[in-house]
Amino acid sequence: MSLQILVLTVLDGIAYGSLVFLVAVGLTLVFGVMRILNVAHGSFYALGAYAAASLGLVLSAYGISAWFAYPLFIVAAVAVGVSVGGLMERFILRRIYVREEYLQLLVTFAIFMILDNVQRLVWGVQPYFYTEPLSLMGNVTIVGIPYTAYQVIFLPLVALFILFGLRWFLRKTLAGSLIVAVTEDREAATAIGINARKVFFLTFIIGTTLASLGGALASPTTSVLPGMGAEMIVLSFAVAATAGLGQIGGAAIAALLIGLGRSSAVFFMPELEVVVPYLIMVIVLLFRPEGLFGKTTARKI
Amino acid sequence: MTALISAKDLAISFGGVIAAEGVSLDVFEDDHLAIIGPNGAGKTTFLNICTGYLKPSAGSVTFQGRSILGSSPRAITRMGIARAFQIPQLFTEQTVLENMLIAAASQARRFAPFTPLMQIPERKEAEHILELVGCDDVSDRPASELPEGKRKLVDIALALALKPKVLLMDEPTSGVASSEKFDIMDTLIGALREQQVTSVFVEHDMEMVSRYANRVAVWNAGHIQSQGTPEDVLQDPEVVRTVIGV
Amino acid sequence: QDKPEEINIGITTFTSGPASVFGVPGQEAARMLAENLNEAGGIQGVPVSLSFIDEGAGAETLTTEYRRLVQDENVDVMFASISSGNCINIAPLAEDLEMLNILWDCGTQRIFEEADYRYNFRTQANATPEMLAPLLYLLKNNPDFETIAVVNQDYAWGRDSWELFSTALKQLKPDVEVVGEFFPSFGASDYSAEISRLLATQPDVILSTSWGGDLDTFVRQANQRGLFSNSQFVLPLVESSLERLGSDLPDGVIVGGRGDHYFLHPEYKDGEELQDFVAQYRERTGDYPIYPAFHMAQAFAALEAAYDKAIEANDGGWPDREQLVDAMAGLEYRGHGRPLTIREDNQAIEAQLIGTTKHVEGYDFPIIDNMMIFDGADLMPPAGENSIEWIETLDESFVEEVSADEYQHEE
Amino acid sequence: MLELKDLSVSIARIPILRNVSFEVQEGETIAFVGRNGAGKTTTLRAIMGLVTAQGSILLNGQAVDHVQAHERPALGIGYAPEDRRLFSAFTVEENILLPARVAQLTQDETNRRLERVYGILPELKEMAKRPAGSVSGGQGKMVALGRGLMLGTHLLLLDEPFQGLAPVLANRYAEALRALRDTDRSLSVIITESNPGLLKNFASRVITIERGEIESVEDVSKVEA
Amino acid sequence: MLMRIVLPVVVLVAIVLPLATSGWDAFLTLVWAKALPVLGIILLLQAGQVSFGHAMFFATGAYTAGFVIRAIPGGEIVIALAAAIGASVVAGLLVGVFVVRYRYIFFAMFNLAFSMVFYSLLEKFIHITGGSDGLSIPRPEILGQAMERSEYEFVLYYLALALLVICLYGVHRFLDSPLGHTLKAIKTNETRIEYLGLSPRRVLLIAYIISAFLAGLGGALVAVFQGIATPEYAYWVRSGEFVFVAILGGTGNVFGALAGSFVYEYIRVTATAYVGDTWQLTLGLVLLVIILFAPSGLVGVLNDIRGYLGKGRREPTPSGGKQPSGKTEKQRGEEQ
């Protein structure tokens, strides 16, 4: 029994953690790297979910195999992230990079409101569902308890893929270095020939695409409905902070901690479930004020 | 004559880089001690240790006989050791005068919540100090707008506003146009002399050293290579080779 | 007083946020009812006009707007609101503004138990009967269960409803053991951990008073992992999700809908009124009407009845507000369920319809079978008494004492 | 090869440069001197396109006013800012290499230039693997200089490159730069420097700027000869 | 200029308004009350720190007032407000000693964490707090006077207005004092503050406590006006709104709190009233426009106008950068 409970706790923790990571990693990138408090991140999560669900429903309407749903998720995510994210960066954010940082907060908050409303206008208020991709992968039974393969196997794998993909991208590729350079000192970067605008544009799009990918991947597991974005904002910020600025690996661990914390709460102290992410954040920050993998900034004197 | 600041066998290193090893140095009342040495020798590090910014892995530092090891920069500043930085540390969004008045208010412990900063009695003094370093012309400019040279000077002025017993300056006039720096240093050191402020300054300009220092300490790779009067030290062929060049 | 140009009704409802799954159907129903009413010449020949306030805009905006409607737009009657919190917030305000305020959907039983109001009326049942009915149904139909677990949303409704249900359960079947109490956060998107836990503990009964997206998500994830095959589910609000859940909601789940309204109400489904209502509503929204729509209909019905009654009492003269309010007391009216009466504490007595899901020909979602309709009066404390205290006076015999009319689903 | 015509800059509506005009011949080295706040840095920043400027800048006869700031380094302009501006997230060597990577130079071209940098600034080799955020003030200046040298194939803009360097190094670097310029005749250099001694028999002309206006242009190449 | 001319004018208008017109006072009372927490946020923004958790003090004030009023028969508003202030100051101190050790997102999120924990406590202890339905608060007496709603609200209007004006002026003076300037200095260079013999943390703590006090007072006023306190008072969305309104109003000047609060509430209420389903959309769009065309906030607009009239040189837009010079450089860099 107790061993079984332990296994279940871990499994549920991993499943939930993977999802949280997929949603939060985009924010960790955009915030950690560009220092933009993108409140609209939640909207991209929601938009991704809606887009995926709608496309999926089209599929099933035409009786096309749900296997196509998985590539469709990526299509949906990229479509949303690039179009909406791109427009947002190009026509709004770009105008305020040089201004007081917190203006960005204001802007993204406004955009969040707008997108939230737009969702309602486009998709109405009734929850959407598209569960085929989930059912398609069927269940796996572990220590006598059925789980959906989608949640305990597929999502964690995707999460791992994104994790290592991003780390490689930021550390090993030129684009990665450019992003880091531009963030630290936009002018110095320009002075050595880096097109700061382009870099910001791409970074932001990557971030928003990841957010909507998170939404798309989450859509089969949950109801797609108004206000679903709001919840994710705080959670993502909690992850970003716990991780340490721009720390993709940190985000993964933070998400995992939150997942495990949550599942163990459900198993052993249900009343705590709601506050778990915050407790974890507080505990981590108490011991590592710059977040899990936060670096202490360069010497000033 | 008693040592004001006395460092014994300081050691510190950063991931293999030895920034100080067996560094022992006494600074006496009314000294104007120049620290010279190649880049990366550990000069700034020494100042960082003396002001509690870095904790040495070994050794001790005393000020007026009291150990200041492990005290915070804040505490040490209050004891009377003020510092000007190699890379100026200013409140960039505030005007030069505001910068000065914050320092003055701190020195005079003026924290009445409702008296305007601009009206504290120390204002006159602060403005005087700005004149001293030739920055009165920029007193109402935001610090962020200052040219490099002025930044350095304002940074020194901030330290002066604390009425320190000892003033540590890290390359006080690097970046200050050569046409001006001697006039400024003349007035500055003059003022220090009459207020009997002891000073320690890191310098790369040997003319400065020979003009204003009564003692020189030569750093090299975390060690003190030699110390003495400017005349002797600056002649020392070893020093010429490692620091001055021909 | 002579007839006004029109009767202006202010309605607070959710058009944003998760609760808009109720708010918008309510709003649609209201628009529809108003149109019908005006086509038929309005109330006593006076057309009605509607203005809405979004409860989703937050408490302060709500009260500011409420005042504006009352004071500047001088509406004749307010319908407020869906959220119990808002009802508690608005009721005293309405009282002070001397505005006839109809609590058209909120559930908390506290309002009329903790304060006396003159201007506030609730035109549908409250949490107490809405929780007792499913419990009685459970006890009458599958009496032999030993363990129960609850998964409710972590906010007042989730907690209050569980308090009512569990207190009653302790009285009516003391030997039952509560093996799990879960209150996942409101709007939670994932219940995997809860479900694993429930799969591991295998309680005989699982109760959830959740609603909207939360309920849908929970049901889907539970069904996906075969939780329904192990435990008897009791979902007192699932009537509002039936159509959305479709095949994801298996047979044999105990269903409620906060009253005795149901588009296939066994006693009225052949009647024209209900059929028209359902037909019109479907035409308008594409969906079958759910309980908020019915609650709205009840509010309208009550208002109409009140005007009729007041005008009669006023021998033909148009009533002023006080007269209208007087008329509300003891009012009898009917929505699309059994007749209702407003009792002396301004709380309506409404019957409760509970049943079991069943998939049948002609509907791609489960309909309600093995229906029981309870008389509301049996399930409520006497006016002025506190529900919890009253429930604590009950005992096993209560299950037998309360009778219910039983119906089967038929084509 | 570089020509400034009536260059004017004002920031927040204060004039900072007023009609600055001068040109730099191919292979020539200019000492750009002036008191603090005279406008030296601003002039260099204007050439790099880092401040909005009126007037025009010609490079090899081509107006570059409309060349985006980030495209100018590709024209062979290397800039070593006065206040270092290193990327502390990278090591010293990464800092030096970044411009080459951005310009997507071939591997051996990159190596060639890196060797050139290390040739002039051998001290950098020892610090190559250290985080740029940790180096000392003077070391920082060296890195900045090295980074500038990576791209500066036609024009070097050095803003007080020797400031805060120990004299022994300053002299050596000045020598090395001179040697570099002598070997590569197409390389022009503008050095702002407050210590004229270092520029002796190095600069061919000394341009003095005062309060944002060119005060004097004196030819010292003769003197030296 | 703002302090000497605009504020008095506004106050004057505010004083005569309820006497002249009707229908505004309820709305404005909320504006006054909600301007207080915003003022608190502006105070912290001087040090470059954003708190995503100040709703926790807002709620602390609200619930304290609520409990006091329910506890003492009749319920005296003065006592209630006093208690609320006391409670929020204490809370501010307790939370403050933790959070002032953090900066930027960590500061923001630490605050958020505390407030969210507080929020769920308010929801969970349903028998004390009434859970998410909230704690209903009977109408208190004012100086022993029991009142009808109309006159009660009339008095409350002026009470809130008076308190707001006092706080605005007080904070204005504080920011002008040495301590206030040191607070601003935290934003650009803490090392230097240390080397002036001052403790950035302590300075920030003082500001934090003041801001908690302001938030608490605002919460208490809203609560006694609304007659209810709900956990939503402590929810992160509300905290976010405070920050949002602060920036909207302009963080450069205490006056921004009032301007922002008024404009935000006004747009919001009008939007809900006249565009119904699309109020969020409208609100969002209007705000976007304001931001893009008045980047330094509403108050900034006034300053700009002043600037263009040539009265004094306009300050370069302030930076919130980590490396002070770094950020201004960024600004310069952008001027290509």
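Which chain is which? They are A, B, C, D and E, in the order written, and residues in each are numbered from 1.
Heads up, the rule we're going with is that a residue touches a chain if its C-beta (ideal position, glycine included) is under 8 Å from a C-beta of that chain, and two chains touch if they have at least 3 such contacts.
These numbers come from a predicted model, not from an experiment.
When every chain is reduced to the mean of its CA atoms, the largest separation from chain A belongs to B.
Across the two interfaces under comparison, A-C and A-B, the one joined by more C-beta contacts turns out to be A-C. Measuring from the averaged C-alpha position of chain B to that of chain D gives a distance of 29 Å. As a whole-number value, the distance joining the C-alpha centres of chain C and chain E reads 38 Å. Between chain A and chain E the centroid-to-centroid distance comes to 31 Å (mean Cα coordinates, whole Å). Mean C-alpha positions place chain B and chain E at a centre distance of 42 Å. For chain E, the set of residues that touch two or more other chains comprises 120, 124, 191, 277, 279-280, 315-316, 318-319, 325, 329, 332-333, 336.
Counting partner chains per residue, chain C has residues 15-16, 154 touching two or more of them.
For chain A, the set of residues touching two or more other chains reads 116-117, 120, 185, 187-188, 190, 196, 230, 271, 274, 297, 300-301. Every residue of chain E that touches chain C in the complex is listed here, in rising order: 22-23, 26-27, 30, 34, 120, 123-124, 126, 130-134, 136, 148-149, 222, 226-228, 230, 232, 265, 268-269, 272-273, 276-277, 279-280. Contact residues on chain B toward chain A in their complex (touch as defined above): 44, 48, 53, 85-87, 89. On the side of chain D, the complex with chain A involves touching residues 48-50, 68-74, 79, 81, 85-90, 94, 98-99, 101-103, 131-134, 147, 151. In the complex of the two chains, the chain E residues touching chain A come out as 45, 50, 52, 101-102, 105-106, 108-110, 112-114, 116-117, 120, 124, 191, 236-237, 240, 243-244, 247-248, 251, 277-281, 283-285, 287-288, 291-292, 295-296, 317-323, 326, 329-334, 336. Within the complex, the chain C residues that touch chain A are 15-18, 20-21, 23-24, 154, 180-185, 187-190, 192-194, 196-197, 199-200, 212-214, 216-217, 220-221, 224-226, 244, 248, 287.
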